């Protein structure tokens, strides 16, 4: 931690700051520059928020942290990339580029069965589908709840695809865990620390989506909540951030994939459906994700998006999803990864 | 709802869209402009997300909603401003400009007692203090939990100030409700819909903070979650949004106060402590809030911010808080509101 | 400047970095923390961008500047607040709270004459009006050009108000300087360094507007361009930044006023017309600006905004401007500033 | 254009709005919904900014444009993609994926000669290099100016690569045009309309970079400025936008490429050097750009970035650039485009 003093800070005040830092258990080193004096605090910064409080002292201009606050999620702590198994024979983070696909919401048995069959035949490896839905409006469809979970399990039985579904409420963890192979924590809950701790104690792998205004550092701290409770199987998902640009629903931050792959050993996938909010942009951004170094994709597919109960505008029809998977193949090869074969 | 067709959309496709809209229960009206055709859908837009799905049809360029999605929170629905009572003799939203003050976290009995006594003597009307703390890092102090609630209740007993404290986890609602006069939902939980529904069924007034990247429309929809469960006592709090500017912790969006006061009957207060993240900017932004039309303030005060367990940099020392309250008085008068007198 | 090395950086690489820093003329100091090594570079950072290049060395994680890059604009360099004279008897930055008002564009003689007379009678001290207009569309009205300047001068003659008008093109400097009392550099040109250098060599005071995505540090560097060419009379204007929120045209960053007043001696005014883009929010944000510590306001006024050639939605009718000035008076008094009296 | 009236707007006011719209030369159509009345204005929206002024009328809630404001840049106006020739044998926008490479600034003859030779041998087709540099600080290196232009011309002579260089000041257009094959307008000047008009009258192709907070619609309007002056050879360049995320210098908005390719016939390239600000992320984002549908890249290369006078942190060493070009080849093939061969 570096404490920067304002120009003209009196010696007495510099001494006060030094003493405070040492009381908190750090060694100090005072550096006198041309205009400003800087105090380096050496020691473990796990307690760095406490040092931030020094900013409330007069003549302290800034307190600059040096260590990243995350630990278990960090590549400094664990150098090799992690492999997160989902169901009996899929793993994210290895040589295979894993495509997760399915509808935004589970709506009916025919809808989920048809989608599951179709996406499997085209090379998807995990089925997604929402049973509990976070909706901006209390008047919008909130999901089929347990009935939705049952239908997902039925689709898994039929296709063999493991299933991932979102958890909104700690009350439902047990119920969701009974059916799902992987638990999704959505963008709006990325800093719902009560929920993160809860899934940290669960046995299932966790798909953690970045929030709309979560920095990469905060995103890793949210992963740290899950890891620090003992659950090492976390997959991160970039799904777009909120910016001034309104031509797309969100701004898909593909550089975040590079930054994450550098700083963490956890796998990183990309969701171009939410990331763009428009089916016309899903395929190019899926292709782009391979270049950025992603370990896989999450794609919304619906048999008829025009009647979807949620996220219709960004869902692909089965024929468009087939096209995506066909175009994806040479890009995955260019990235020196493998893709599950298309059937038939 | 206005459906905009791309230039050159074939008649057949326009017919398809019209039919779809009518199937969803709307009347339609087709308007042919010079370059584009536009289809107006007349009817209740409560189901508007369904219409959004039309964007997945080819040749549909855009779907523009006309009605605001909120209802109970809207001034169209209720014209007079709402008054939200907190404890036996305070109410937010009336002629009184209400100041809420207290530490970020409850840390100890002397700390909360001293703060409560001091802020009361200077004209604060409600005591704030966190017992359950949402922290970016799992390794940071997470709050004194029930012990914190007990200390808050003790401070109320001594000073008569009603207390507001944050709820993070639906599991703790009963416990928090036992002690608190008002429940705070923090910025990170503004779209934690499970939690919103839970406090919507509680009897206590709710202080709902805007999220770091929540639009004003989404903020009102989150209030709508609470209102639609039957709890009419919601106070909104602007606390800064996330932008590219890093000179302040957040960008305090005071114009949001004007926009909210225009569109909703609910009271709106401002938190310049989180809004700026720097004690040096708290007082001027508190004064500014009066001009913007706020119904009150929420201010972090700590007996010694340099040893605060959280949010030290943005907390005011008692002498600085006194200064704020003194400067505030003529601004509140200029805004034609009243402020509780300072003691002694 | 602090150079942060990655964990595990080899000694040899640390030596290389130290040597490079010393070659650039800095003294170095190596600090070895628990996880990371940090190298402090002591010396003048005027050349700091050169040090940034060290980030391209392997094992260098970050390069953190300590000194602010601005000099002449800084309060460290000049402690007392600057007073910028505009015309013979107005000055911005002193005890008087100065209101600049007028139409977005000069449209006709009756329009500018009527507006000038009206705003003067209500207490405005400087007349604004655009003769050269920066328009997003090449097909939109681009201003009356020299004819506009002539009409402004005529309005000055009639009312005695000094005039401020925007300069877009270095070619027009001489022409504009012939008529105007103050030159405005608009938000879109805040980093048009060719133009900044040009007005830095002019004799007239400069009104510099913050860009839509200009950080406060960059804003001060743009002022530094003008100051470093020898023109000391710069007034800064906060006019809203671009964020994800669309309920207002921009997000008026009033905290920027506090930050600027702390770091620079230059006067700071606020433009709530562009800052909100909506006449309904102009008055409350104007009142709020007094609390934030602004030295004045810039307000768009038009005899009939519904027929304005530009910025109609955010312009005030004369009766609304009178209301603003009436409400403003007690706020200016609360801020311990003075306001020119209203006539009649 | 759709004018939305507030709920409860009186009939008289609706009539007033209708009359105003008709006075501006539009046909109107009044649609009465359940809660709100909406007035459709049919006609050419070239004058739409005038209609926006209706928002200043009471009871007008919103004015929603339907037509995009750009014309010459639009695919509606010209369906086939444009091909922009640069120098005698390069063209951007066709089957070839064109790589532009070179240093941020021209610093010396050996530097530019070495870089030009090296990037050519690896498959770059155009040489970039700044002679006039837009720098945040007036104290930073501002470019070699005409000497820089001369060195660029010498490098072209030696390698045959056409050159692109930035124009900052309309005064220098003639000088720059004498040497360059393509004129770059930088991000900070994207709304410097004086400069845009100037290059619109030039004979050379223009490389127009998106500004840090320019929306895609505004970006196209800036292109429209150049096109409407008669210069049809415009190439757009996505180079990152400003968001809350600070892990990268900018947030590279690759989805903007898809949106642009859909709405305009102009070629679109990507600059991952400025887009990320960190050499470690340049290669993955370059690869990603192929998937997004870009027509080429602009990459900063420097013989020794650690001594670069500007942009060192984001510049590639020649060996890293070679690696980029090698990895790029299969991605370009996957995108069904061609890439110039590597020599030797």
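For reference, chains read A, B, C and D in written order, and residue numbers begin at 1 within each chain.
Keep in mind that, in the parts below, a contact is a pair of C-beta atoms (placed from the backbone, for glycine too) under 8 Å apart; a residue touches a chain by one contact, two chains touch by 3 or more.
Predicted, not measured: the structure shown is a model, and the values here were computed from it.
J.: If you walk from chain to touching chain, how few steps can bring you from chain A to chain C?
T.: 1
J.: Tell me which has more C-beta contacts between its two chains, B-D or A-B.
T.: Spelling it out, more C-beta pairs touch across A-B than across the other pair.
J.: Between chain A and chain D, what is the gap in Å from one C-alpha centre to the other?
T.: Here chain A and chain D have centroids separated by 30 Å.
J.: How many angstrom lie between the centres of chain A and chain B, each centre taken as the mean Cα position?
T.: Whole-Å distance between the two chain centres: 26.
J.: How many angstrom between the C-alpha centroids of chain D and chain B?
T.: 38
J.: Please output the residue numbers of chain B that touch at least 2 other chains, ranges allowed.
T.: Chain B, residues with two or more chain partners: 213, 242-244, 246.
J.: Within their complex, state which residues of chain D touch chain B.
T.: Listed in rising order, the residues of chain D that touch chain B are 2, 4, 7-8, 29, 31-36, 38, 40, 42-44, 64, 66-67, 76, 213, 242-244, 246.
J.: Which residues, counting only chain A, touch chain B once they are in their complex?
T.: 20, 46, 49-50, 52-57, 63, 69, 71, 134-141, 168-171, 188-189, 191-195, 197, 211-213, 218, 221, 224-225, 228-229, 242, 278-279, 305-310, 312-315, 317
J.: Residues of chain B touching chain C in their complex?
T.: Per the touch definition, chain B meets chain C at residues 213, 215-217, 241, 243-248, 251-259, 262, 275-276, 280-281, 284-293, 330-331, 333-335.
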